[in-house]
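Following are the structures in question.
Two complexes, one shared chain (chain A), two partners (chain B, chain C).
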Partner chain A sequence: MSSAQLTEQRHQQGAPAARWLKRILLSDYFVLYLTIAYFLGVAVFFPALVEPRNLSNQLANVWPLAAAAIGETFVLLIAGIDLSIGATMGFASVAGAVVMTSAADKLLLGGSPLWGTLLGETGGVLANHPAAAAVAILVMLVAGMLIGALSGFFIARFRLPAFMMTLVALMFFSSAAVWITQSQNIVNLPDSFTNLGAGDVVSVYFGEKATPEIKRRDILPLVTYPMLITTGLAVLAHLLLTRTTFGRYVYAVGINRKAAAVSGVPVGRVIVAVFAIAGLCAAVAGILYSARLEGGRPTIGGGSALLDIIGATVIGGTSLSGGKGKIAWTMVGVLFFVLLSNTLNYMRLSAFHIDMVKGAVILAAALLDVLRTRLLQRDAL
Partner chain B sequence: MKATTKWIAAGAAVALGLAISMPSKAADTTVCYAFQDLSTGFWVAGHQAIVSTLEKNGVKVVELNGAHDANRQLEQVKDCIAQGGAGIILTADDGDSGTVVVAAAQEADVPIATFNRPPSDMSKGIVVVADNEAVARAAVDAMNAEAQKKFATTGKKLKPLILMGDLADPNAVKRREGFMNSIAKHPELFEKPVEVATKWNSQTALAGLEAAMTADPEIDFIFTSSDFLFPTIQSVLDPLGKWKKAGEPGHIILGGLDGDDGACKLIGDGFVDSTGVQDVYLEAELALTGILDAIKASEARPNAVKLDPGFALSQANYKEMADKTWGCQVLKSKS
Partner chain C sequence: MTAALSLAEISKSYFGVPALTGISFDLEPGRLLGLVGQNGAGKSTLMNVLGGVVAADAGQMQLFGRPYAPRRPADAKANGIAFIHQELNLFGNLTIAENIFVADFPRRRGLVDWSSARSRAAKLLQMVGLAMPPDTLVELLSPGERQLVEVAKGLSVEPQLVIFDEPTTSLTARETTQLFALIRRLKSEGTTIVYISHNLGDVLALADDIAVLREGQLVAQGRATDFDIGKMIKLMIGRDIDALFPPRHSASPGAVLLQAQGVTRRGAVDNVSLSVRAGEIVGIFGLMGAGRTELARLIFGLDTMDSGQLALPDGVPRHRVTPQMAIAAGLAFVTEDRRQEGLLMNAPIADNLVLASLREFASGPGLVDDTASLAAAREMARRLSIEARDIAVQPAKTLSGGNQQRVVLGKWLMVDPRLIILDEPTRGIDIGARYAIYEMIDQLASAGRGLILISSEIEEVMAMSDRLLVMSEGEIVAEFQRSAWSRELILRAAFREAEAA
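Up next is the complex of A and B:
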């Protein structure tokens, strides 16, 4: 057999595998496959990962992050980026907590500019009022939406780069939250609010009832308020993107802003609306985190939160170049990201190493996005 | 695509079967130590004491660094519980987040001890903490002795300043209280104290102290709520020509709290007058025995407050007390 024939034979043998690999790579479900493969791969080495308690715990970590990532998906779809999501979460958290807290310590919060007007030793303006939690949630949502809309307005009206405007918003609103609270947490929130962070709607118990009393640690939350809230938000966001004219506008703006404008898409209004939606989603995340940590915290979206939000969205497959992405992808990306954090915790890596690994995974996801785009373009030719 | 999906489903089933059939090492006792960075000598020494003692006791230690992110720490602790942790030792970022984490552990029937930084609600969990008010008061009392000598010479009231910690941390609140109580005992010696917030952050402390020293150059009595701020104090006083040893003209009476190696050296060198000493080794021991006893007794929700009485190390008792000060032991081992 000649060398040329061998090469040809090797090529023919390798072709189906390459085609299979390419098909997987370009599949809409690529990240889902990757998540399943990763989960099963690590589960072989760390069996505790598949235990019901750990799975339930991982799900609990998914929901607040997913709420913020849904908002970031909208922004990335129009080829923008929102760096102020964490700051919006912190500001909204504080704004709502100020309204509903039932007591505040003068020693801690006496220096707040709100002290004596909106905040006092007997709490916020709606302290102990039955509607306090509901009004506070409304305040948080409106605050988030306004912050987002403000950024969107400057980006659309003055053509500021999104990263610059949202960086300014990050600095401004995170500092404002620290100033309002003097960098303190606002605690003593009503149970009706804190239950949103930890309350179970449906709990389950796996195993035989061997003792008269089932240990509390063996009762696992299955359906929780954060799950219902975030799932509802995801469904609404999905419908908005796939079933409405606005959704088509969002993709059109992301693919080619000028062409969209020429085609009659109200680009400016779409940008403002998209950032307002991102702010709203950040506020929802802020609500869930505040309820979970039982306090309004100015630093709630600080640290590596932004890395997690953008990372999960990009890993899900939403393109940084705009015009490509789905809410379902983002949900899978968040799932993968939480799974990654959970397994890295299980591997006993330090916080710094965990962030380094996460950064590397996000880089890989961004490179993969470039590769997929090139493959699709080549196939289209 | 159907074939691909089938292959993936088959692979998934095989791997899941393998995962479930493999025995887990649940028989080992695992204790998780959740902390927030190791930014000062006190935390480094505490971390070493806890980890090495647990390992000596044959306990598997899982270290969880929350990196000053309350939500991350909560998730880490929940992960630890889900992955079979038998007990938790916690140093939270602040008292409020400590309360939430302690509640999460107790909700899951896992015993938890807080090391040195207590939760706001001290009725839950094993709370190991220095008697911060008493220790701070003892340290400031020792400074007062120097203040009295100065007052006798100059006949002028002293202007005190306190660098406060993060007041969301009960430790910081109690240390401030100890300082104020000691100062209040001598109205003839002191003017109204100046309070500078630090949030346990050296940059914040630097900015605040510089501003205070500029606004009021008469300040001549400084107490820091934690010894790790002495280098910051030095960087402010040195350019002003006020970083002097005790007995030298222009010496500002200085005191702190922790008893770390830096403070031990500065007291030995004569720059600092006193420090309140928390016994990091005793506190680590109290946290460990509390958790290990609870695990042995299958006690899911032990509640107790274990106090470290502490003491003051000063210029006056340095020779007798240095050997009992953890920071001086660290200093000795370094040299």
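Up next is the complex of A and C:
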């Protein structure tokens, strides 16, 4: 009897526990189960982490990351990758801040190429204008979309690898953002903008706070503007992918670009649109971070931000080889990733160790994807 | 007398599905065994077992009386077995000599001995009848010449057993004659040969013994003189089939659906003009590399024309066509390569079926009516009797070749095309499923659709076409009406350019 036959037999006769495990492993909601299990584990071992204050804080970390990861999901679905999402966030943040800031320090920003034209001691062109925040947000969204569309155009028209093109965009736009701001943060943003980051729509009263010094009520934000914005974005993205011809085309291009082209799918336009959407989502993430940090920062998408975005998307189950992924998976992946980061921080690991562990978890997620694909293929045979 | 090759009860299965069951035969030295069978009958698996690519689950092999159990392809080579493959495994950027010795260069004091490599390569090229300097880059050779390099490479190890797998598919008539002479000479020098081919006439002409495989079993084996082509077909299919092709119901041609004028793409298609009418099947025959697929891609807008003009079924003359335009104008294109260009293998069958017609199920801002599109896909699957458990979830890759081709056809029928281009529609599909596809082609023409049938199987185009165009080196070199063609005339036209060169 062949080894293949033996495995096959083992497969069918496998203990109920093994079959149950396989079912969970192959389930669409595997990462959700994993996240819930992880959360329960955390609740047992690190009870401090499930206190309302921490949960409310962690939730605030979820929304901007999720917005960026939604964009990355689109790109991964067409078997591409966008390395420039962090750079786009930084550039959009700076572009918007320059428009709406109400005062700038010549000592810090005097060397900026925009000083004296678009930026001065009295701030940007729309300083103190009632519509400043609205226009700035528009500028940020358009900037993000254009950066994405530009990458998409080169990738579709000249068949450049997405990796290569978005690496170039990453270098170009992150440097441009630093150049414009001379590595400084652009502060003095209007309240109507910064409220977007902090503003809570619904807060929850958790009773008297039991701190020995001062007795005070503990009111924590639950429903915030970032939550509403990102949730709205996720719902739109989900509908776009599942209910429209464009969504079907995205999956078709990801599964087999040539066959899609033969079947009349406008492959080039789909690619440009997907990268434009990714840029737009990056801009939304940039808006949320800038509002929360109350400034335009060239570096908000720097450091390990890109790792977090791609990592969370891949952990959600979206495949790097294209054609497989869902917005809901990505949202769960982001939840898991934020929970993981929080635990690692709480364990007082250094930033280096945290990134090492995150890298290992992403590797595990990628291996898991390979394993699941193999199991599914075996089932299909 | 010791057998050159002796198999005893060789079995192999993949994931519990048997590919070979209890294969036993002896092949005497210096004889030629013709091995025939449909696609999927187990020929490739048997050759892979012999070549050490996969291990048999059970059974023994003996080579010239010694036990033979190869664990890797190098073992087969070390035991004097040479494989000459139909897929060309040559490196275009290397020379003929480099390709021949790529795995085992002649060496002197640890360095490659180039002069010896060149002279040995020249000798081998002379043997296979290829008059080319050994320093020629392989990418400059025609498909037929490459096949001969493949043969020379196989013979470079001075094998005792040579296995030819479909060696003539890309050869011209003259090259085929030369190859057969070489095979006979090898045999007369005592080399044992296994010859695998779909061309049953060739097998009958060359073989001393014939073995027929069907569904992984050896269903017949004996002296070649005991076989004829009809008997081989019956054994291969396993049931009586009167004809390979259904009768054609010719319709009187209607309106002109396609008018191509001077269509040219440098290096591929040269000044081609043709027209196709409703109800007509126009065959396009030619050798590999004659430009047939390239012409189809130009008509469908997948490549751009350097010059020329196309009038699609909507009658508008165009210099530039995109696939979206072509589909909107009523064209459909069943590509040669289902895996690469025909199907989204990992996507459900239903998604494949609706892909080309998706816009018809969308309203407003591109919102797809899932219920309607799935219902239409189910209806199409029923009409074409696609055998699947549930088309909404089952991926296309789980289907057999014949059913996959039905999915591709179904995808195009859902856009209700007026002109369908079929590029090698029966490649890799077994004889039973072919018949069903031929019937569908005939029905489509009877229903007033125009068809272009591209094929390298002359029997297929002769049986199905109303009119036949022959291509060679990017040009249409001959046109025949159904009443006025013969196999010989068509072949002579197809080989004309190649023979003159």
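In this section, the second predicted complex is superposed on the first by the 357 of 381 C-alpha atoms of A that agree within 3 Å, B and C clash if a C-alpha of one lies under 4 Å from a C-alpha of the other, contacts with A are read in each partner's own complex, and residues count from 1 in each chain.
Note that contacts are C-beta pairs under 8 Å (C-beta built on N, C-alpha and C of every residue); 3 or more make two chains touch, one makes a residue touch a chain.
Just so it is clear, the model here is predicted, and its values are computed rather than measured.
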Fit or clash between chain C and chain B when superposed on chain A: fit
Partner chain(s) touched by A:A60 [first = chain B, second = chain C, both, neither]: first
More chain A residues in contact - chain B or chain C: B
Partner chain in contact with A:Y289 - chain B first, chain C second, else both or neither: first
Chain A as apex of chain B and chain C, Cα-centre angle in degrees (nearest 10): 130
Touched partner set for A:A17, first chain B, second chain C, both or neither: neither
Contacts of A:I255 with chain B and chain C, given as first, second, both or neither: second
Closest Cα approach, chain C to chain B, once both complexes are overlaid on chain A (Å): 18
Chain C-contacting residues of chain A that also contact chain B: none
Touching residues (chain side chain A, partner chain B) in the complex: 20, 23-24, 27, 33, 36-37, 40-41, 43-44, 47-51, 53-54, 56-57, 60-61, 64, 107-108, 183-185, 187, 215-217, 289, 292-295, 297, 299-300, 302-305, 341-342, 345-346, 348, 350-352
Chain A contact footprint on chain C (complex, rising order): 12-17, 57, 300, 302, 323-324, 326-327, 333, 335, 340-347, 351, 355-356, 358-359, 362, 365-368, 370, 395, 397-398, 411
Footprint of chain C on chain A - complex, ascending: 1-2, 4-5, 8, 243-249, 251-252, 255-256, 258-266, 323-324, 378, 380-381
Partner chain A, residues of chain B touching it in the complex: 1, 4, 8, 11-12, 15-16, 18-20, 22-24, 26, 62-72, 74-76, 78-84, 94, 96-97, 99-100, 107-110, 120, 166-168, 173, 199, 300
